[in-house]
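Below is one structure; the comments refer to it alone.
Chain lettering (A, B, C, D and E) follows the sequence in which the chains are written, and residue indices restart at 1 in each chain.
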């Protein structure tokens, strides 16, 4: 009985000292900064976020020029957070006039990116949404008249960085570049991050353009027809003239 | 090194695995009313009339050659929308059994009419059936006779209707708070306020069916 | 966007200074309530873990709502759980804020369309200050959301308010602008929840 | 009952030769309360930050390091520089905060201390319905008084002690029981089932751990012959550089065991892990301070840290030579008296802060006992061990110098009291340790097997 | 509310405590209505449904591949194993009809094992860490969380998400291994083993921890089978049963899984099937998973020349098969960290499942609570919940 009591005390003291020594070693290791790869603390607001790898499924980004509004992503999404409708543009191809992704519903599963036939939809590495900066234009909040500005990967990253900082604090060239790309007038609805690709003026311009092209085509067709008719008439007249000339030639022979 | 010799308990007897036909034939010998069937894609099962289920279950567990001591799963589904000929509107309760001693499997089904969905409980035979049956009662509405504690397990106690039935109507609101968000695109048509406890007879289809799905799934 | 009291106008210099000092204290020591229901709860644990360590920012998890200033709704809120969330929110002592973390809390997320038992958005029961999209949001996204919340906390007025709700007077309304088609979810008006009917 | 020379002089200066009651009171406050508060109170406050930083270091993270004191500086600049325009005030604040020293303050987390305090002030003073109003409000104050009362008898320096009563040790032990009442009041007053359970557990634990603590103190009293802490410290006096050999803890293995028991008993009295079931976070939400918020909860936390300091003070006074320096007193005596006092208070503060760090270190290492295990540990392990040590001590004293009465030693320096000199010293240690080793070897051979799988898990023979 | 609990005529006065949906130790929103007489618990009845997200009803509304993200959310602590369970079940359903059978490429099968075992490690880390935190030791829990970050980094590079991966798809895997994945996994495993030894020294062999767990809530083998316990809870009671070894799926048959079984590891005070056994079985399974990952990495076939991102998954033939799956039903089970995760799938031949039923380990673990928690201490409720490694969405689905 005494031995069991002594063994209990010994085990208690032994595991107590073992544990204390271990935590002491953790303390020393941590202060010397050898915490091991998985333990280096990322001081996020002070240091930039460390996004690992290039397949990170962050917020969605839709390249406007390529999107043909085929609703493939809408069908593939289990949660149905796409709101889109399209318009015909001048050369009769479908363009997105509204492409909203409800980020408050999106579960970032990536099924829509797989379903997109034209690879216009992609997932950026962005996750921050800084609502309080007045320049808080979310990443793809672009209005239709800025669609011609093509954005490739470095620009997307740059826009992500700049869009979230207060407008006044930006450098001059950054500011100019950003103003050219992001529409300052947009406003946020809870989760509905709209992308007004094809605003009414754009639609009117596109309709006008289409009308103009149609008129041109018709005019060209009419002109072509008129030219053909004129050609035929000319040919006919020529033939007539030739016949009369031939007749005239034949007549003097008969006379002489 | 880690997986030391099994603890020598009698559960590890040399497995004398029987195939499904042998099991079916043994059970039918003892209970003629049981029918050996197989599903559309060839999965064999035993169809047991509801009254017999407790006796069959006791046989399956205690018979030396069978020894189905572990009820892996007990679940059920509603056949009303299943494309079968002749189409039936019954509820199926399926028991999936496994024997640790002999390593063989068995599926047992009980088919009960929709209105009087009543099956005697097997929680006396397998203790885990207590929870499984409470869930089937809660979600499918099959009442289990003599169940020690038949109450809803998943949905709140004052929930109306059994969600996994194919004709289940989604609630418009619970506890005074609307179910859907304002401005949500799938705003259901303002269905008439459901009368007290009775679920509305004509279930309004509150949501359009999922995109371009075949005949099968009814609108939830 | 209700009118923000610019610190510049002189007649309130004194109160604003004391407010500013008290708000500095609140902002730097937000004790968050240990309230993790589903997947976002695991990310909340990771955020409290060694790598992201919100203890750096002065945020410690507290078990009781009395000692918590911030309630992070991490996970899905079902109808059965919603009245408990409301009770917990009411038990918290006054300078309290709510961060809705993840799509489930924002709008019901993956379960908003076909689920009968999930509450579509926790702001039907309690006023929410900051919404954080993500399913689950990265720990950095959670910290980014908390940084947005700290700006709200900076404008919280303690001194010299008798009748108004200290949150609303501050003006900076719901982080993501107003809810579609209605006033900020913060004004406890008709549209936002009074909690379950008696 | 002499109240110390400084107190008498001050009282007479205030109100003439026969000092009035208020003068004596003012003198006590001036001479004793303020210095003790000046030493104990900040260490208790810093204790919370020590806890968070040490815990963070052990868990591979940084702990609070982003909060500077810019808030306080801004307040001072706004109020002081009210005539300056706001922009220049902000610039001034930035310039002040950019001073070199303040960066270190931020990393050490002291700014976080200020921020927590300021937030607690701004918190709503919430008294839940269904609580026993008066008891609920009084509990934090009683907890603080219970924590501060024993400091009356603890000597901080040569004559810096409030009460030189002959029964000082007994007084300290008795008065620290007041916190039990506070915990019970908090438990019952909060009207919350979890708090009630927490309060019950706290009472059971603290009362049962009074016995081992009492026995440990009895051991020292037996050894030093007096109960007056001041004389116990004097008894451990030794001038040369090896003066730490004069400390009680080194005198005999039994005294060493008694020191450990006193420390662990003290740990149990202030509900620190592994004895913190009273506020067990995982079971009882937060034990007795579940319903407290804001400053009331802050008071409970302050009381807890003050009690930790109290345990540190008791152990260092009784076993580690109180305010005396480990490397001899000779060089301190030569200095000016006020410098001596400051040096002594500094050494004493270093000692009890070391104990606070040790308690924090234990908290982040060990899991928590269950209630019955705490009781079993107390009654079946610590109390018998105390009795064995007391018996051993008495035996050592009997063998060493023929008498058991401690008084015989008077103010002899520690070393010479053993008639056999250094040999006696060795014998006092060798015999008990030998017996212990034999017992341990026998016990381990009988009960010591560990399951092979566990050995593999801890990296042994796989 | 469920207030009609039969209160037996107790000797002393009973106090009913509500370890309610919000409680630090109930791992989420499990509610326990505890009747206790002072410190001794006379009955503890669990109340479920606070996280019932109707995933089985959603299974009947969304199409086959669209349900995979929901399987992540059935058991988010081991989302890869949850994906694997559903995808293996659907593949077996398709295999019942020759025309729609789907052949998973070998490389995808090996990647599935690697990823599932890595996720098993991170799931057990949460289980073991949460139990140590419930008993008061916070430091081991945080070291477990730190190690979990290593697994999160690998998965983030592999498929982009840290917790809900949607990585394993029907017919294969969503992405191929990223460049340098094998070296990263090996370096993680190397430093992980050293860390686990320190974790075990810190908490597993600590006598306070052992005394609090040894001999508590002992479950005999027959009782464990009767109550449908599975996984580490079943193996803790001495039953030598693991689906990866006894009913192998994928390439587990070739890897030779070794199964740790509970043998009263706590020495004198411990019995077979107590809380300490279940805890140690999980730790031994972590070592086993490390061994399996290394074996699987050896079996990895070389990548195709043009690394097709979706190895086997999202292929045309799978999509075609899923538009017209065979009619009928199937039940398939796989070994998740919390035991058997069995899917019963009924298909009516359309592109949407007719019924999806997921049987999980935590659900049946709760069925034994009421019987187990009679007469234990209030502080032991936390130990028992911790030793069963309950994840609430698994119970409530």
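Definition applied: a contact is a pair of C-beta atoms (placed from the backbone, for glycine too) under 8 Å apart; a residue touches a chain by one contact, two chains touch by 3 or more.
This is a predicted model, so every value here is computed, not measured.
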Length of the shortest touching-chain route, chain C through to chain D: 1
Between the pairs D-E and B-E, the one where more C-beta pairs touch: B-E
Gap in Å, rounded to a whole number, between the CA centres of chain D and chain A: 63
Chain B and chain C: spacing of chain centres that average the CA atoms, whole Å: 42
For chain A paired with chain B, centre-to-centre distance based on mean C-alpha positions, whole Å: 47
Residues of chain B touching at least two other chains: 2, 4, 154-156, 163, 168, 186, 210, 220
Per-residue multi-chain contacts in chain D, two or more chains: 58-62, 66, 281, 285, 364-366, 447, 453, 456
Residue list for chain E, restricted to those that touch at least two other chains: 24, 49, 52, 54, 57, 61-62, 69-70, 139, 142-143, 146, 149, 164, 201-203, 205-206, 208, 260, 263, 284, 287
Residues of chain E defined as touching chain D within the complex: 15, 17, 23-25, 38-39, 132-139, 142-143, 146, 196-197, 200-206, 208-209, 211-212, 260, 263-268, 280, 283-284, 287, 377-382
List of chain A residues in touch with chain E within their complex: 8, 11-12, 15-16, 18-19, 22-23, 26, 36-39, 52-53, 55-57, 76-78, 107-111, 114, 123
Sites on chain A touched by chain D in the complex: 2-10, 16, 19-20, 22-24, 26-27, 29-31, 35-36, 39, 41, 43, 45-46
Contact set on chain C toward chain B in their complex: 79-80, 82-83, 107-108, 112-114, 116-117, 119-121, 124-125, 179-182, 191, 193, 196-197
Residue ranges of chain D in contact with chain C within the complex: 52, 56, 59-67, 70-72, 74-75, 78-79, 82, 86, 111-112, 114-119, 121-124, 126, 128, 281, 285-286, 289-294, 297
